[in-house]
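Inspection log for the structure reproduced underneath, given as structure tokens.
Chain naming follows the written order as A, B, C and D, and within any one chain the residues start at number 1.
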Amino acid sequence: MKAYRLASREEHPENTIVKIGEQLTVGGRELLVIAGPCAVESREHYLEAASLVKGCGAHVLRGGAFKPRTSPYSFTGLAREGLEILAEARLQTGLPVVTEVMDTRDLELVYEYADILQVGSRNMQNYTLLHEVGKTKKPVLLKRGFAATIMEWLLAAEHIMAAGNSQVILCERGIRTFETYTRNTIDLGAVVAVKELSHLPVIVDPSHGTGRVSMVSPIARAAIAAGADGIMVEVHQNPAEALSDGFQSLTPAAFAQMIGELQRLAEVVGRVLNTPSVIPKEKPDNSVYLC
Amino acid sequence: MKAYRLASREEHPENTIVKIGEQLTVGGRELLVIAGPCAVESREHYLEAASLVKGCGAHVLRGGAFKPRTSPYSFTGLAREGLEILAEARLQTGLPVVTEVMDTRDLELVYEYADILQVGSRNMQNYTLLHEVGKTKKPVLLKRGFAATIMEWLLAAEHIMAAGNSQVILCERGIRTFETYTRNTIDLGAVVAVKELSHLPVIVDPSHGTGRVSMVSPIARAAIAAGADGIMVEVHQNPAEALSDGFQSLTPAAFAQMIGELQRLAEVVGRVLNTPSVIPKEKPDNSVYLC
Amino acid sequence: MKAYRLASREEHPENTIVKIGEQLTVGGRELLVIAGPCAVESREHYLEAASLVKGCGAHVLRGGAFKPRTSPYSFTGLAREGLEILAEARLQTGLPVVTEVMDTRDLELVYEYADILQVGSRNMQNYTLLHEVGKTKKPVLLKRGFAATIMEWLLAAEHIMAAGNSQVILCERGIRTFETYTRNTIDLGAVVAVKELSHLPVIVDPSHGTGRVSMVSPIARAAIAAGADGIMVEVHQNPAEALSDGFQSLTPAAFAQMIGELQRLAEVVGRVLNTPSVIPKEKPDNSVYLC
Amino acid sequence: MKAYRLASREEHPENTIVKIGEQLTVGGRELLVIAGPCAVESREHYLEAASLVKGCGAHVLRGGAFKPRTSPYSFTGLAREGLEILAEARLQTGLPVVTEVMDTRDLELVYEYADILQVGSRNMQNYTLLHEVGKTKKPVLLKRGFAATIMEWLLAAEHIMAAGNSQVILCERGIRTFETYTRNTIDLGAVVAVKELSHLPVIVDPSHGTGRVSMVSPIARAAIAAGADGIMVEVHQNPAEALSDGFQSLTPAAFAQMIGELQRLAEVVGRVLNTPSVIPKEKPDNSVYLC
């Protein structure tokens, strides 16, 4: 018996297409774009951000209500209040939301608000958490551990699937190497490998994968060219004032430009990037304002 | 403000001496030896193992009741039954026990049985777990994440201390590198660094640090020579039949020999390794049997 | 003074366009494709390979005459005989050739035959070799050391440039990490970084970068999408019988298909991949035979 | 056939004892201490340093005449003049000298002056250099490449031995990992592994292995406890003014203290550290002056 079975393409040759909310999917021909600020910082700020990223073409909103932080003295998120703001943003934009759950005790609460449950990089081998999200019915975004091998990542997915939930979306977000210029080393070879080894959808997070705003768009393009099923990026109205990760957050304008580039790229690799929510081109001023 | 304060030697120049059970300490002149099988496999087996390692000179018993496993199909421990066996072994030998807590929901249960709460390598950045063990009053054995920097390790200790518990014992257990001959690369430079940067006691786990039984004793000696405050090793009556980690488990005889070597070494580096529990030398047959 | 000056984009904002032979360049709008077997194995074999890769659209031929090998008992190349075969292939195809120089004593000989002098990954910090190729007038293909930081790589280029030769082509070929599924971890973030930090052209070697033939084309696409100026790939008529690196060598047919994909991709990222040597489309049978 | 044969303990069960100069050996019971400044900076300075380190108990002098430097603008050594100073120091102290050879073209020159030919970490896979030192009759100190696996290191030794020279001394000097607090991660597991896999002597360089002067002595002790056959350390009269590596150089006083610690440690691990050159204890003032 192989170490991973349920996640293996050998056992399940066709791509798994994960359904998100009512209208979206990931893993098929259409690419998925998840965007938003790193953390939910305040109601006003997040609702504005949500509106902006929707206007630029995002399909799913991201935003942390529970933030894992290396230092105990850093901002750790707004918790339940953050979740409520996410819910309001969803109502306002009509977009589903993804947010991280860090602790099995919070799962019920997060489950109530999130459309996709995110398991963060530091928790990729938190097996009790994997087991619990595996018992739910919502899609799980499983970020690769920053020092996890491809096999360990697939086995983490197997933990979720073995508990009953096959709606797993993998997310490559860079690994830890000797290189210090970039925050992490984005491993696009892992994306190609995982598409071969598994039937699960894989997206890429170029924001954490590089840690440098100027590198986000080129790596997003590279991810799609390598076969990724989508991307997740940090976007912030005013990166210089972000409570976390401002140095790697795109402005809405840069995000909108990236979306356009990815749309053209998608076609030549046999994919499509639909952004029905974008304000039609005949209203350029509004478009500029929104993005 | 520095990123870590409570764990910093600058703020607290004297060594922290952590009290374990009624009679033991770690962080002072006396070295600490923790030993036992990787997992609690069965009552009979564990009680025999406990008796053997006590006879060889161990101060603290180790044994996992909750085991984090890369594959969802591996043995994951006996849970509550395992904890009860640990309690029986403690009663029988008089030695305190250390065992891993993997989930905040299990903490109350584990707390009831363990003398030292172990936070495993995969959970070093499980901040909610750190916070919860930080609210207890028992010593915490904090294993270094297999890809955690020295700073991140000290910050994980800071999370525990910031929640109120200053009884933290650090444990170096090897880091992940490109080398494949050894299971991990044991980082004794980190031991020296942490003794300089922090006042907390540091022990070394050469079993996980090398993954090869023939390397355990030399690395245990090196750890003590580098300034570690103790070691934690896997010992199994019959390594070939262990349910986990047999390839890196010492036999009781090899363990006893290592203890003798460490005792001689301790003296030349200004430390002492007391093993009051060892059967006196005038009963050699028994000693041989026990070890 | 910064550590690197001559290689820095700050000091030299415009892209350096390196001229190769009479008609080719790299670093401008046109993408460069280097292809061929890992090693020159025999006259007959190499001439056939050269003809095939030309037919598929390669611009430059690759092939090792001096091969660095981890084991002293492996095939180490045909040396002078290999160089003579390369010269014959150049004459026959009209394509320039790149081949590795491993030792300062061989430089004069290799210089006579090669159009581009390759400095291999293991020699990226062989400073006397860098100095000597820096005193020549031919372009130098400088592969990134498999454990070199981006800064060390640029400083290696600086060594060549400080000796007088500014015709340096950088080549990312994967770095060594903990991951074992792929031969190396291709670092496309480094490609983006180097394009920002330096004015030198950068190409990518997805063959060594992945070590798996099925991953070569997706990573080649990703490299171009990330902004690389070209690619270098291993192509072999019969990969299963290659004396080295067969497991990562494309067949001519797969290579031809990849070229087509890259041509379409080039357009959407503002580049062009010209392959004037390809047999015109109106002779499809011949084209199929050649590729 | 295994990849390495000549270097393998399976093929050659007994330890190889390498003879150095007339009176010294490494690989037997006696430990070897190599010491001196990183580079030969000037005649006056080096002769004083040589006298000091001899007075403290060193067996072999180290000092670079050819220095590999990451930046082309750093001090690269005095070349032939440096070698002549080394020869004078040898004459004055009676101690053999080890110095690095970086280029096959320099080998004849270096061979004339050195008692041990050092192959540096960056050149561990410079196979033509390995081949050439393999054709000589002098001992070769083979530093581990900073990203070389244990197997690659042994295969580099095999390259030298296959060329005819079996007098190879291995030197662990730290590997490159994600950790940034230390300059490298010293890998004492590799020392243990190499003693098992090979019959060749192994020494440790804690200066490069840690990059921090306060860590040199503890890691030197750990190396000997792990089974290393000796150490190589950087010692400088005035570390703050060293042209290279001052931050990791011991003062003579710290070096002398370390020697004393290692002597006591050697005994408990079945080794001996003889320092016949040390001024007898009955002249304490002089001893203090010299060290």
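The rule is simple: a residue touches a chain if its C-beta (ideal position, glycine included) is under 8 Å from a C-beta of that chain, and two chains touch if they have at least 3 such contacts.
Please read all numbers here as calculations on a predicted model, not as lab measurements.
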* To do: Could you find the chain whose CA centre sits the greatest distance from that of chain A?
  => D
* Pair joined by the larger number of C-beta contacts - A-D, A-B -> A-B
* Structure fact -> Distance in whole angstrom between the CA centres of chain A and chain B is 37
* Distance between the centres, which are taken as Cα means, of chain D and chain A, whole angstrom -> 50
* Which parts of chain B, given as residue numbers and ranges, touch two or more other chains? -> 147, 176-178, 180
* To do: Going by the contact rule at the top, pick out the chain A residues touching chain B in the complex.
  => 1, 3-4, 68-73, 76, 102-106, 122-123, 125-129, 146-147, 152, 155, 158-159, 162-163, 176
* To do: Enumerate the contact residues on chain D facing chain B in the complex.
  => 147, 149-151, 174-175, 177-182, 185-190, 192-193, 196, 209-210, 212, 214-215, 218-219, 221-227, 261, 264-265, 267-269
* Structure fact -> Touching chain A in the complex, chain D uses residues 147, 176-178, 180
